[in-house]
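Following: one structure in structure tokens, then a few remarks.
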């Protein structure tokens, strides 16, 4: 070392908005530490990013690090050699401040090869202040029953659509996973994460589908394939009531010029009263390179990613929460929502109710996830499918893509 | 031989490169479809497993049904639209040049943009329906984009918008090359405009029609960008199409082998369309040779 | 009754006057041939008569009715195009019956008319074929059939034979002529083949630059061309024309070619009364190649002895059936048609007989026939 | 040879002398169609001068409240893609660097090959021609991975030249097809005379065939240019960062799923990015129709 | 020296034999015309000579050198096509110099050759124009110029005049003939116009179905056609042919047409020695239309009195310069060319003079001339 100037080639899909801003800030830090930052954003869907990664791996020229998450880390690590990060991770004492389920995902062969960067919960509940006022409600709902009550109240109070929504596949997936996890985290773990055959056909799944049908009945059917963000104004205006969305929606709301007191953030409904945390973590995987400058860059990047200050900076830009559970969120720059999310994560970890998000590719590899989301999205859009049928279809879909 | 080397190179190198890439890529895909490849191509042999699972999947079944509907509806409607436009433009109307440009310009636009813009227009919440509501006609209803049964028609609409100009151009050129004397003969025979078109002019256009049908069918079968930007297969999976399924399996779901199998199935569909056409061409040429 | 009357008809395209005040009266049953060089307006005239183009000025009457504003289908005409314009997608049968179908003629009647025409033109075996499966001559016949089946007031033919090869052309020419004699139809026929014009027409209209130069029966057109254009246009090789001086003489005026030269040619004009007023002036003398023959030729029915001249021979072209000789009469070039077995030597001289009965004189200024 | 296919003379009077009501109907229908075809363009143009807020608070269709010309500036040189804030300008340049050479190469090679196949004939020409034109029908998703392998093996991955190569070879299917169909109508005597005159394959091509080819070259150029310019999948897969084509930049603008859509800037960018192809159709459209007839209807 | 020798040349396309063993020897300076009906293989033969097509069999020598494997540009030939095949994108000047450019002739030399040719063909004012700006005749001249500028061993012309109108055709025909006389080039010229063939050729090769039927000078071809095909093909209207019986007679054999009929026609054959062996047998008698004339015609240079017959007239077609009459000789149809001012009435009878010196007899089996 010493002689070489650390250099990092990275690819991600973070090209615009707060994601773009955050990665840009990270790059700045990297350069401040004397590195050369060569980030190549791949616009489009995740697929395009993975195409790009695949092309570079096939070409024998993988980036020094690339965005990748969940079980895909394990899958992709089989097709190209990755960097063993155990030493840096140990040096930073990182392992003990990361949620265990999360840590497992990033050390598929027992060694750290990838590092999580930030955490979102995909089942946060955003409540429109104005809609709540209309419904004369002052408390966020805790259980699904509360949620349903509140929605009904909103409906009668003149909120056109008690649930705000987007129409993408992930949106529909989130509705299901929030339902199921809220009804029974255990069942979620068994069915969504472990694909237990019996759990997949169990009563909780059917109940989750039933709850999801209720949610979809309160949604605007006209959203089509638009992202949820298209409805933010109607949400804030009280024309729509509640939004089940990942924590990132907070950043989006604020970027769109809405104020923090326009809405309330709460953990998603949970029938047992304790918060359920649907974990979604972005991460970087590090690919083996021979070039000393790249290797130096990888080490530098790893240190940065694990650095509490960097994680703070990053999460404050994107609205996520840090991976490190030891970061103090009480200070300036953190929102209530983030604090509540972090608290929820702690609680959930304690009560073993922190589970991995299915809709955001944390629970299963992409093929399985997509097959399951097929069922959710069809169910969301086609109200003639009964929950019973949906259960069967889900089981079939899992079977078919194993 | 040596003297003619440069010309052989110029003729054969591009042609061979083009032919070779097509053949080898096809063979490669066929091979992959029999392997257990997932993220990246691997060797191995799984027989027809990939085919079976593709054929059994709801995605593929819906995509195939959609392709039938979309293919037929789109080809027919764009044919009719193109023909109607061509006939209208053939009436020696003022501003023909401007109109022709208007009908052609969608060809210049990328499918992604077409899909995006039409998704705005057709979205009931933000597009035409909202506009009409805001104008005061609140019972107006146009929600095809988010209606499972009708969403495929929004793709038809956007696709027609984008490509009927091509049909129009070909038909117009065909109409313009009809021997004027034939039209005059029909006039003297006492045929009115409609009969003249129907009985005399249009029947001479059917070689063009075949060309248009083949080109549009090819477009329908490989439609991808447009659908991805417009509905992305939704609502639900109601507007899946084979090209979408292939891409999804290969790259999103990391099931390369299955994706390849779906691609091979797509090729078979293409062949089912092209072979009759090739046979028709062959018969045509044989007849021409005998005449 | 005039089947077709054209009065003061003109046609302008933008700044180009294609037809300039055409007047024609065509009697019922006549076979009128329009001839003229390419671009003289023949097709335009025909199209206006058919109603496919509008006249800029003038009136058209068909069968006594002014049809300027009548659409083609109501003019009771039939037309045969140079390209035949058969409907490519229809069978021969459909091509022929299409017009009746448009006029809602009953099926049975259609069949009868079709059968008649098919028999007349001997195309019965072809009825099921498409035009692309027919030879040129057959196509021509089908195009005729399509016109004949209508039994109209007027037939218009626009160069119907020009796409055929020489042999077929001669055959079809005879066939059309016979057809005309048999059905006695009124026909206006465009061609630029003079043999066709001469052999088929009851009257010929020679057009040039949008004007009818002469409208008369074939013999008159050939024998007494109204002007130099007609004289040169009709006949191949064309009529020889050369400057000559008219001199007074006892037995009537004498035309002198190359006056004053040693080889001047003097021709006594017989029966050419109009010539007397030109005595002493320059004229253009026209003599047809077949009126210059080998020296010992006896022109049949000739009343007097032919003028015999000895003239220098420039070029000899034997065509088999005759020999074309390029010679000089009084220094002026002229072509002669002589017997096939006589071959004067180019460069030498030979003796030629002139048939002086058929000489034409033209005013050198107006180029009109002096008559 | 292609005598006045599009010339307006020779139309029978039937079509311009019909009675008035039917003319009015024709104009009415044509106008309706034209309006429908223009609608998307109008919407994009209007949105391109509306602010994001205005669009977010209203609908996608609406008259601009105040003209937000800034959108164009932002789109052209302002907005950020990750750490690069240069608008779509650099990406336009990339697209041009890919599109122009690929268009030229595929057109020229296609013309030579089409000329060889149609006017020279050689053993196996029909076969190879058939296979090449089949390429029109091969879905591009299927070719992505094989191309990856090929580009890796020839060391052109992540270079603009790699994309030029892909588009050139894939474009041949179209250019060969259309050029051949066009050349087949050229009289063989022309070639024969030239051969007797002593001209060889290339001299005949350059001096005699190429000068006659403008209608079909215009068609292939228009076609190739728009297709390559609008291509996205290969563009993002085989380039890196600053080399990406303009379509990638457009997607980056629109696919920021987790953000407020920037419809105004996006519309402006769409218009700027589509300008080259729109202009090509605007000026070349008439020749396009003419050449298309010559090339396609055989 | 033979400029062009073709030996046992054949050409097959798949299962079609287009040329069947052609043998031709063409001397230097000759003007050879290939005639024959459409599709008989004329263009194929020319293309093989030019090296644009390969022969299936046989050899071709140009200027004494076997050229079967020599590419066209090295055969020292020039070719003019029916369509002229002018390079549309080049000016007249470039069209003419393109060949020299290809052969890397020095610029100055090119200019000289161009100037010569342009002067010869009088196309100097056209040099800067594009082919599309030229009239038909001018195009033809440029095409000629392109060939002439090469000064090759052999000129090949493939129907160079057939796209011109009648008048221009006659003019260009003469021009080409003069050109040939002036530069003395060896020319092979394809046409299906017999007048062209008769007037231009030093020798004519009549082709039919891929076989040369006769190769001889024009007079021989016309006067002594080798077989019925040639007899009927050359001449318009074609030679009349009818069955006849040869009977022995004192002054040589007599051909009887319609023997036994009341109107049988008996023709004493003079100087037709070969006929004697056919006495008592059926033959085909050929007589050209111009050998049947009005009854009082004196055939020039005739040694004996003509045979005078009275025959029924079926159809009369005056063409101006002559009258074509369809009559019956001994019941057989025949065409006659009579004086223009004589017009027999169709349906009646008239008297005709037969020029019996030019009668041909053909074997009815082989259709060959009995000679």
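To keep things simple, chains are lettered A, B, C, D and E as they appear, and every chain counts its residues starting from 1.
What we mean here is this: a residue touches a chain if its C-beta (ideal position, glycine included) is under 8 Å from a C-beta of that chain, and two chains touch if they have at least 3 such contacts.
Everything numeric in this text was worked out from a predicted model, so none of it was measured.
Shared contact partners of chain A and chain E, listed by label: D. When C-beta pairs in contact are tallied for every pair of chains, the largest tally goes to B-D. Inter-chain centre distance (chain C to chain E, centres taken as mean C-alpha positions): 27 Å.
For the pair chain C and chain D, the distance between mean C-alpha positions equals 57 Å.
Chain B and chain D have centres, each the mean of its CA atoms, that are 16 Å apart.
Residue numbers of chain D whose C-beta contacts span two or more other chains: 12, 144-145, 200, 232-233, 251. Contact with two or more other chains is made by residues 52 of chain C.
In chain B, the positions touching at least two other chains are 123, 125-126, 184, 187, 247, 251.
The part of chain E that touches chain C in the complex is made up of residues 38, 165-167, 170, 174, 192-195, 198-199, 218-219, 222, 234-237, 288-290, 294, 296-301, 315, 317-322, 324, 337, 339-342. Interface of chain E with chain D (complex): residues 47, 50-52, 71-73, 75, 77-79, 81-83, 85, 87-90, 98-99, 102-103, 146. If you check the complex, the residues on chain D that touch chain A are 53, 56-57, 79-83, 144-145, 148-149, 151-152, 157-158, 232-233, 236-238, 240-241, 244, 248-249, 251-253, 255-261. Listed in rising order, the residues of chain B touching chain C in the complex are 179, 181-182, 184-192, 195, 199-200, 203-204, 291.
Contacts from chain D toward chain E in the complex involve residues 187, 189-190, 192-200, 203, 207-208, 211-212.
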